[in-house]
Structure formats: C-alpha cells, structure tokens
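The structure that follows is given in the form of structure tokens.
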Amino acid sequence: MIEALVGLLRFAAPVAFAATGETVGQRAGVINIGLEGMMLGAAYFAMLGSLTTGSPAVGLLCGVGVALTLGAVQAYFTLRLAVDQIVVGTALNLFALGLTSTLYRARFGGSGQLISVPRLPQFGPGLDAALVALPVLVVAAAWGLFRTKWGLALRGVGEYPAAVEAAGYGVARLRFQATVVGSALAGLGGGYLALGVTGSFAENMTAGRGFVAIAMVTFGRWRPAWVLAACLLVGWVDSLQYELQARGLGIPAQILIALPYVLALVVLVAVGKGTAAPAALAVPYRRER
Amino acid sequence: MKRALVTVAGLLLALVLTLAVFGVDVRQGLSLIAEGAFGDKFGVARTLVRATPLVLCGLGMAIAWRAGMYNIGGEGQYVLGGLAGAWVAKALVGPAPGLANPAVLIAAALGGALFAGLAGWLQVRRGVQVVISTILLNFTALQALSWAVRGPLQEPKGQLPLTERLPDTVMFQRFDPQTDLHAGVFVAVAAVVLTALLLWATKAGYLLRLVGQNPRVARANRVDVGRAQIGAMLVSGGLCGLAGGVDYLGLIGQVGDGFSQNWGFLAIPVALLGGLDPLGVLASGLYFGALMAGGEGLARFNQLGPTLVYVIQAVAVLGLVALNARSRPKPVVDDD
Amino acid sequence: MASLSVRSVSKRYGPVRALTDVSLEIRPGRVHAIVGENGAGKSTLVGVLAGFVTPDSGTVELDGRALPLGQPVAIREAGVDMVHQHFMLVPAFTVEENLALVRLGGLGGRLDAPELAREAVETAARLGWSIDPKAPTGGLPVGSQQRVEILKALAGDKRVVIFDEPSAVLAPDEVEDLLKVLRRLADEGKAVVLIAHKLSEVLAVADEVTVLRHGRVALSTERAQTDAEALATAMVGDSPGQRHAPPASGATTLPDRADRPSLTVSGLCAKGDRGNTALDGLDFTVRAGEVLGVGGVDGNGQVELAEVLAGVRPFTGRADWTPGRPRVGYIPQDRQSDGLALSMSVFDNALIAGLDDPSLTRGPFLRLGALRAWAQGLVDRFQVKTPNLAQPVGGLSGGNQQKVVVARTLATRPDLLVAVNPTRGLDLKASAFVHDQIAAAAEAGAAVVLVSTDMDELAALAHRTVYLSRGRFVDRLVGADA
Amino acid sequence: TGGGGGSTTTSSPAAQPADAGFKVALLTPGPVSDAGWSAMAYRGLQAIEKELGAEVNNQQATDAQIRDAMRSYAQKGYRLVIGHGFEYNGPGVEVAKDFPNTVFVSSSGAGSSANAGAIRFGLEEGFYLAGMAAALTSKTGRLAMIGGPDVPSIRSTFKAFKAGAEAAKPGIQVSDSFTGKNDDIAAARQATLAALGQGADVVIHQANAAAQGVFDAAKEKGALAFGANLDQNDNPSGVVLASAVIVAEPAFVALARSVKDGSYKGGVQLMAMKDGAIDFVWNPALASRVPPGVAARIDQAKADIKAGKLAVPMDQF
C-alpha cells in the first residue's frame, strides 16, 4: 500500500516539481510555456551528468543548471526585452527539443543501446532524497508566497506590477527571481524524470509533461498544495488507465490515454470562472520612462 | 525596407551561427539548405508544400492572437481538420466523388473551427484560459486521431492504422507527377488575401483587433466581446483545420498517427515572426517552409539530424523578436 | 531654509520639450500647488521629484543634498514620496497588504502584514478615516482607495509629499476632506506639493502656486498675491482668443414638452461587478434636449447607471425610449482603460463610431477611403492635436485623448448621450471645449445624462440634477455644500 | 545522416545521377537512436556499407515526407531506398513508377512491382518462442506485453507471443498495454508496473527507446523480461532472460547485393528464422532462472519453425 503510494508519488513527481515552480512563476505574472523544453534539457544533461560522473546527485545538479541557463535566456527576453512570454517559451521548447535530440544522436545514436545510468539511491519504501524534498518544496513555496515579505512583493508583481515598482521593488528583479525558482524546479522535474523515475533517456522523453504542469497550476488555483494535489490526482488517473489496460477491459487504449487530459479539462470547466488567476499573468511589463 | 533588410540579415545570421556552433561546415551547410529549399524543382516544390500548412496555421494563429486569444492548439485543430475531412471523404467518395474535394475542405475547416471554438467558449463562458485548454485539447485530439484511424475511419481491410487512401480524382491536382506540389497552395494564397481583407477591411476584423487591444473599450461600445473572441477562435481553428484538409487532399490522401508534423506548433513562431499580419505570415511561412525543406536536405546529406532544424528555427525566432522587441504590437490581456 | 530646491531641470521626449529649465523652491510647512494646462509638464516635473522620470539636465536638492535622480527607492528613503494620479494599489490585496507592501523594508524575512500596517492604520484613525484593514482593496470605493494611497505615501518620516491630481476622482465632500488633510500635513511640517486643475481647490489650500506653461515656469507666487484670473492668464498666456469664458452657469430649465422623444426609466435595478446591488429601483425621465445631471459620491451606482443606459450592463426593470430606439453615445469615465485602445491609432480609435454609418461601410466591409476622410474631419472639427491619423492614441496628451473620445461619440449624433466625468483631468480650455460640445449636442436634440462628481460641471450644464446614494435617488448630495 | 554516429555515413552533396558508386538510403519512422526498430535497421544499413562498399545515407521520414524523401534519393542516383516500416510500402510502389533505376523496398507491406517490394521480417517467430519461454518460466501464470504505439506490426508480434504462451501452457493469462508513444520511458515503466501489479511476473515489450522503463519496472518487482528487436540480454537491469531478435544485416546485405547486381525482382519476401533473419537468444547470465527442460523445449520449437513444421501466426498488413 505504502509502496503503491510512493510509486504514484514518483510517477507524478516530475510534473509536480515543475508545477510547483510554475506556480511561483505564475504568481509573479510569468507564464513559462518553455517548461517542457526546460524539463527536456534538464533530463538530457542530468542523464549525461550521472553517466559521466557516476553520481546521480551531480547529474541532478547538471539538470538544474541547464534549466537555469534556459531560464536566464527566458528572463533576458521577457524581462530585458519585454518580449511576450508565450513567444519566448514556444521558441525555447523548439530549441531544447532540437538541442537534446541532436546531441543525443551525436553521442549515443549509433550505439543501439538503451541508456541506463545510476539512479538516485532509494531507501525505505522506495523513497529517495528528491521525493522527500518534494513535499518540503511545496510547503516552502506556499510559505514563501504567503508568509514572507518576498512573497507579498512577488504576488504583487503578478497582480499589478506598477504598484510594486512604485513601492520600490524592481519588477524585473522579482520576476527574474520567480523565473529562477521556476526553472530550477523545472530542472529538478526533468532531472528527476531521468534519474529518479527512469534512470534513462530518450529523445523527447518528457512527452508533454511540461505542458501538463502548466495546466495543473490552473487546476490547483495557483496554490502550491492544491497544485500538488492536482498533479497527484492526474498522475493517479494516468496510472489507473494502465491498470485498466492491463485488465483487458476492451476499451481502446487511445481513449484511456486521453483520460487524464480530459479529466483536467472537465475539472477546469467545472471549477469555472475564478478570480484566482494573477491579473498580470503573461503581460510584459515595460517601465514607463 | 530597412527593417526587411535587417530581418533577412538576422535570419541568415541565425542560420550561420547555429551551423557553426554545431560544428557544421557553414558553407557546405548553407549550400545544402539552399539546395534542399530551392536547388531544383524538387526543392522549390518541397518549400512550397511545407510552407502551405505553415501559412494556413500561421494565419489562424495570427487571427486568434490579434484578438488576444493565445491559441496554442493549432496542432489539435489541424488534426481535427484532417479527421473531419477523412470522415466526410469516407462518406462521399463512393456516392459523390465529384463533391468530395470541396466537401472535405469545408468539413476540415468546420472541424478545426468547432474544436477551437470550444476552447474559445470555455474561456468566454467558463473562464478557462485558452492557453491552458488548448494544451489539453491538443493531447486529446492526438488520441482521438489515434483511435479513429484504428476504429471508425480505418481502411477497409482493417490492417493499418490509416484511413483509406483517397483516389487521385478527389485529391488536389499536382503540377508535376514527380513533385508533391499541389493545387492546395492556392488555398493558402487565397487565405492570405482573405484574412488580410478580414483584418483590415471589415467591421468584424476591426472589432477583433479592438477586442485584442482593449476589450473594455469594445465592451463600452456595446460590442459583444465574448462573441468576437469566440469568433476569432472559430476563424483561427477553421484556418488550422483547413490546413489539415489541404494537406490531406494534397499530399498523401491518408490520415494516420503521424498526420501532423508539428505544423500547429510551428505555426506560432511563424505567426509571430510575421508580425501577426497576413502578408508577414506569408513571408515567414515561406521562410520556415524553406528552412524545413532545406533542413531535410541538410539532414539527408550531412551528419546532422533533422532535429537541428528546430534549433535553427528557435534561434531565428529569438533573434527576430529581439530585433522587433520595440515595434511589436502588444496584445492587452483582458483582466476580468 | 528651502526643503526641496529644483534647479534648471529640463526633460525632452523626442521633439517634445516637456520641461525647460524649471527651477523652484518647495518649503516645509507649506502647500505648494502646481497648475498648468494639459501637457504643460506637471506630471513630468513631479515624476522627476519622485524619481520616476530622469531629467536630461538639472539637479534637485533636499536640504542642500542632491537627490539621487531617477532612483525612486532612494528618493523615497530620503523622505520624498508621491500619491500617484493612477493608484498604485494591488486590487487583489487587502488594504493591510497594500500598506505593508511599502513598509517591508527589504524583502527578507517573515511577513507580518498587520504589524507592518499598524502605523498606517493608526494614522488613518488620527485623520478620522475608518478603513477596514482586511478588506480587499479593489472592492473599495475610489475615495477610500485614495486614502489607502495617501496612507502609503505617509509611511515613515516623509519630508515632502506630492499629490498628482488627487481630487480628480473625488466627490466634493471628499475633496474637502482631502484638502484638510493636505493642510494638516503641512502643519505637521511637511512640504506638500499639489497638482490640480481646479483653481478653486488650489486657491483654497495652497500657500504658494507655480504655473507651468509649455514646460516652463510661467509664474511662481505666494497664494496671497494672486487670484484665479491671474493664474488662468498665466496658464494660457495672454494671446487673445485663447481665454475661455466660463460656461454659462445654471442652464435654463427646459419647458416640459411632452411631445419630445424621451427615455422613461422605471424600477431600474442592476448589479455591480462584484454582484452587489448597485442600482436599487430608479424611476426618472429624460427628454430630448434636456441635460439630466447625476451627482453623488463616487461608488454609489453612478457608473452602473451610466453603463445600463449605455447598454453595456444588464438590468431589470424598464428603460424605454419613445418613439423607436435611440442611438446611444457613451463617454466612459476612464478614457485610458475604457475609452481608448492606447496602442491603436487615432483612426482605429475613432473607427468604432463609424461602423454603423451606412455611408462609411458597405455591408460587412469598411470603406477605408471614406472612413479616413470622415476621421480627418473629426480630428479637424474637434481640434485634436495629432501629427496624423496613424499616430497611436496613447502618444497624445490626456486632453487630446479625451477629445478623441468625445469626437467619436458625438459624431454618431446620438439621441441619448451618456457621459461620465467627461472633463476629468482636463485643463480649463479643454474642459470648456467638452462642455460646449455637450451643450451643443443637447441643443441639437440629444437627451443627455451627465454623471459627474464635479458640482460646478453639473451646475453649468444640467437642467436638473439628481443625486445617487447607495443606488437610490436622494434629494440632494449629503454633506455637499454645492 | 540522422544517425550521426561518426564519419561512417557522410556523403557529398555533389550528386551524380550516373552510377558514380552504389548508393543506398534508409528511411526510418523513428530516430535511429531508438535502440529498437529503427536502430536495428540502421545496423543493417551499416552492414551494407561495410560489406558492399556502398555509399549509404539515412533520414527519418514520416507521412507527408516519405514520397518526397524517396524521390530525392532516387533523383540523387540512389539505387536502393529502404523504407523501414509498412507505411513506406504504398509510397514506394508509387514512386517506383517514376524512377525505374531505383529499387524501393519497405519493411512489411504487401504491394510490389518490378522495382518495388517488401521485406517482411517474421519477428513473430521470435515472439512466439518468447511466449513459450515466458509461459514455462512464469510462476504466477500471468504474462504482460507492453507496447509503445498501437500499430499492426506490434499487435502481430503480441499475437504470436500469446499464441506461443497458449501453446506451452493452455489457459495462461496474457495482458497487453500500450503507452501510445515510443519515447515516454516513464509511461512504459508505469504501464509495466501496473501489469506486474496485477500478478504478471514475465513481461515482453515493443517499446523501442522507452524499453528501459519496462526493464527497470521488472527489476523493481522481481519479474523477468524479454528483449525485442535487438539483443538486449546485456541490459544493465539484469532481468532480460532472452531476446527476440531481428538480424537485419544479412537480409539487408542480400537485398542490396541483388539490387547491385541487377537481379532484384520485386515482390514480398519473408525473412524469418530459417533465413537467419530472426533469432531467439538466451541470456547465459540468467540461465539459472530458466526451469529445467525449458531450453530444450524452446530449441525443439525453434527447429520445428525452421523446418516449417510449426507455423507461427502472422498478420498481413
């Protein structure tokens, strides 16, 4: 039972990490459509790091580092140049997909071998350090957003950046910090996919998890704990559909595979209009001179 | 004029830089890309054929984004267009083959339109942001396609996960049997003209732009903002669906799992690069089409995976938005 | 000793000289008013003082020490703060959170909003304001929001407090209260800078007055040594023809002609944006040619009433135009958010009024040539100062932006004209222009509903005035001495 | 080339339609880095290069790209274009009409002409043996099959696996699950865990690049697994009991040779165990996990298949 729960947690963890970071980002008005690319880039370099050093911990750090680098690019474009966030995110996704696939093919393409690298060491009922860190990070995100001065300013930036600027805190700096948190957690999510869940890599292995993470933030109404719950729910439905497939109920696999996405959509429709969305989400901030 | 020159120079620079960074002999790389894109009739045809869905979907994105609707569901809408087209074709090819071609196009546009309209409706009436719903709808559409080509739309022998191939008589005319270039490119050109007219010379297009720039002004002038937004999504999805229908009728006459080659996603950078303007979309669609075609040439005769093309595209988009950072139109997001 | 010395400050925006060689002294314990026409450079000047605008040249000294120009935070810490014309409040935050935001003193550490806001809440009590610290700010009436904004500016020990057009959004009794607060702050030894368009307010509270014209100081004087006439002259210059006679005060009552078309409203109810009851059973009639003034303290249903009449807000009850259906023109209260798409061109912003004109459209199509000629006609007729029709409207000054709204609204020759604070933030000349246009529209046969918090405006234009309080009509404005 | 693995596959763009050298191209549905279906074909292509001195080239091409890629290669003087999958058959036959000097061969498919045809790899035979071995090894009497995309070639091998299991142990339960994707390792892992959670203790996959997820899940649950397409016995998970393998090299080389010497005739050619194109390879390291007598039974069945005495079911597609 406990192991099943841990298994579910592990399966949902990559999305949950990324969604937690995205929650912080969106609270600051930053929507990171490039999450998928950050996760994928992190997954590749985490795998590479673990492979070359033999240390999954170092691998995970490599993953986070790469995601942070992509986050810096994102920040430069969205904050310095005030380019639309969705534009930059779309380009980053393309970039990461092209980069990782090209590098992977160059390095491993001809081998015909599946990649298998050291995974994060497990203890107890299949736990590992990152998995234990997940709830801690979720609590930290909630605490940081709602119980610290930084969080107040950050949320202000997501609602009405001019007010925070007038209060004396740089909008760009706060959004940059949110981008850093968001991309570090995206990196953790991608890295964990490679080193916590699979111990392996394949081209495009994130398979849309970054996009799902973005949807989960809305699903969880921009509150870290609820977002985590949303990730677990959708993860549970996703693993449930494999149970149903294995039971051989005769339902076409495609319909079952679509189940978690349809569920998320239905829930969003049911929750309906809410004022929870940060008012300045995805709105570039240009300081008046 | 000056901006056009800077743009062209920037695009070239993005290409050269990416090739150099990945250790490709730049001269050879460029000549491979140029040859793949324009070297001979095959290259030209390849470029135009790739540009066709990019332009159509790109126009769709431009319409939606102009109205402030961040439609990123072009992929799903393209797929649904193909599916709807295949469904109509299945019904019509036997009894009324003469009608099949236009009927497929209409069905494809309707399929895409309804799918995007759903996302628009969800935002307007239920407050679910289009950005989010179209992400989820993309996944759903791909699975729907996957199911349909194994179920109701599968070829009659029931062996392959594909629809039955359309007879040549139903498909678009091809200009040269050796190339894929088909009459569907005219659909794309017509769509450019019509969307330009829509945006700049009709009441509906004006309202759509106004709603995208400041929905509150529109509301204060008794414009039904929700209707304009849903309308924009319908047109947007219709264009993406139409792209699916055109590819279906023009290229392989079959729909299968891999029906969309990411056209719906690539259309976003196309639209942005084109400044959300139909003529700009035409130009950027041709550029991307050439890049895809040239990239295939590069991938085929150089050691690089076709995936490098994605890097080039991303660098080009980032480079260009950086150049345009100051003059780009900024949609105002509705805040209630 | 001078508290704040402005020395030869200049600022250009491209070809526009917003400020040219401006010097003045702002002294502690005194209210220093800055007046001038739209575009005269007032906002730019105080922007420089508060650090939001970096001047091209010149210095500002606070007690002999140079202010770090262009650095709002450092300037605030030095003791200069500003109440913005457009509120700098996060609507989704509670009052307490908004107050805490400016008192964080750095971003490290735990947030204790009630503690951080305590001083401000005490200040509020001292000023006799009752404000619920836990209320969401966005839900408060405008006057209360401004109080929050003022409380923000008073955080810590401020030496200089700047108010940019604070009265524009307030009802008369609120203005009165505000002026008392300004006086009180000055009496506490602060230097108070006030930008206002209403000379009556300026003369009521200021100790010193500086007039800006075309970015230069046209006059700087003690209050005692000037009057409205002199200030108005300094603002617009001496050139004949530029001065406007104040609008004929107290429009004549209209004979009640039953045969004229009229709007008859009965049992009108409507909900506000937050689902509150905004209008609670209104009955009235407006006839063609009549200007019905609607007064009252902001937030008592005026905007909702205007929106219902303009056809953009659902309602229950009856509102009938006889005979037939009226052509409605609507001048919304906030031109920047509801009136104009700032990044679109003057042409595009005018266009919305031309859509229903059969001579300017052909079926679903626009007749672009005809429309351009028509829009140019509007720009000429209403004297909108714009380089061309393609100019983004956000680049015009506030007065010219409002002219675009008024022009396109009146261009449709509406049967029913609904206007909300149509001269807010406009200078005398522009205000008079807008008033003339509204009066002319009524004369030409429009029924006008004029919602305004400005008693003078109502007195000047309205044939009769009704007052709203909590969504119902009351006899006269509570607490107003109009 | 998409393989990018080294300098082995470079070719100059200076295309001479004339027979400057013998040139062979490979089109794959996935990246040749997939450690499965496409990787296996890539090995075959490399063998052609090595043994025939051919100039080789490959590209990932799907759906709308297929015809264009085929024509491009033909135009550049390529004599043989192999499309690795059933979906290349129709386009190959069609394009072949315009390029009589080039041969278009697909892996699977039914259409053919003088210069177009198909090689049908009978991987079902390997899967059949795997099914037998799995059934005889299983302690719980439940087996699982994990597929990536739900395509006929994969379904057909799954049917053969099930048939082999039934033959060895009638009434055995075999489940199948599809993740819909070739690249989602985590999904393959979760699908495997779900199947194993319902009692299965032996699993076979058709998950290509995502197969590591299947093996890891098996390892985690103490189950055994079978490799597919390539010999995956040495997978570090240490759970691969045996692999059902396609040996593309001889088949591809033979094909290329027949094209080179002009003897290619078209038609659909079955390449199966008896041709040495399919094999079932035990993992010696796990020999102890195989119950006694099983190896012998499998050897017997293998011999029967080669001798044509045992017909393994194969779908036509």
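Letters A, B, C and D name the chains as they come in the text, with residue numbers starting at 1 for each one.
As a working rule, a contact is a pair of C-beta atoms (placed from the backbone, for glycine too) under 8 Å apart; a residue touches a chain by one contact, two chains touch by 3 or more.
Predicted, not measured: the structure shown is a model, and the values here were computed from it.
Enquirer: Would you mind checking which chain's C-alpha centre is most distant from the centre of chain A?
Expert: Of all chains, C has its centre farthest from that of chain A.
Enquirer: What is the distance, in whole Å, between the centres of chain B and chain C, each centre taken as the mean of its C-alpha atoms?
Expert: Each chain reduced to its C-alpha mean, chain B and chain C end up 46 Å apart.
Enquirer: Where the CA atoms of chain A average out and where those of chain D average out, how many Å apart are those spots?
Expert: 35
Enquirer: Which residues does chain D have that touch at least 2 chains other than itself?
Expert: In chain D, the residues touching two or more other chains are 2-4, 31, 150, 180.
Enquirer: Two-or-more-chain contact residues of chain C, please, as numbers and ranges.
Expert: Chain C, residues with two or more chain partners: not present.
Enquirer: So which stretches of chain B touch two or more other chains?
Expert: Within chain B, the residues that touch at least two other chains are 143, 146, 150, 304-305, 330, 332.
Enquirer: Please give all chain pairs that are in touch with each other.
Expert: By the stated definition, chains touch in these pairs: A-B, A-C, A-D, B-C, B-D.
Enquirer: For chain B, which residues are in contact with chain D within the complex?
Expert: 28, 31-32, 35, 40, 42, 45-46, 49, 143, 146, 150, 159-162, 165, 177-180, 247, 251-252, 256-259, 261, 296-297, 299-306
Enquirer: Spell out the part of chain A that touches chain B in their complex, as residue ranges.
Expert: Interface residues on chain A, with respect to chain B: 31, 33, 73, 77, 81-84, 86-88, 90-95, 97-99, 101-102, 105, 109, 203, 208, 211-212, 214-215, 218, 252, 254-255, 257-258, 261-262, 264-265, 268-269, 272-274, 277, 279, 281-284.
Enquirer: Where on chain D is chain A touching in the complex?
Expert: For this pair, the touching residues of chain D are 2-6, 8, 31-35, 39-40, 42-43, 144, 150, 175-187, 189-191, 193-195, 197-198, 200, 209-213, 215-216, 220, 230, 232, 235-237.
Enquirer: For chain A, which residues count as touching chain D in their complex?
Expert: 4, 7, 11, 14, 101-102, 104-106, 108-116, 126, 193, 197-205, 207, 238-239, 242-243, 245-248, 253-254, 257
Enquirer: How about chain C: which of its residues touch chain A in the complex?
Expert: It comes out as residues 52-54, 72-73, 76, 84, 86-93, 97-98, 100-102, 104, 106-111, 113, 152.
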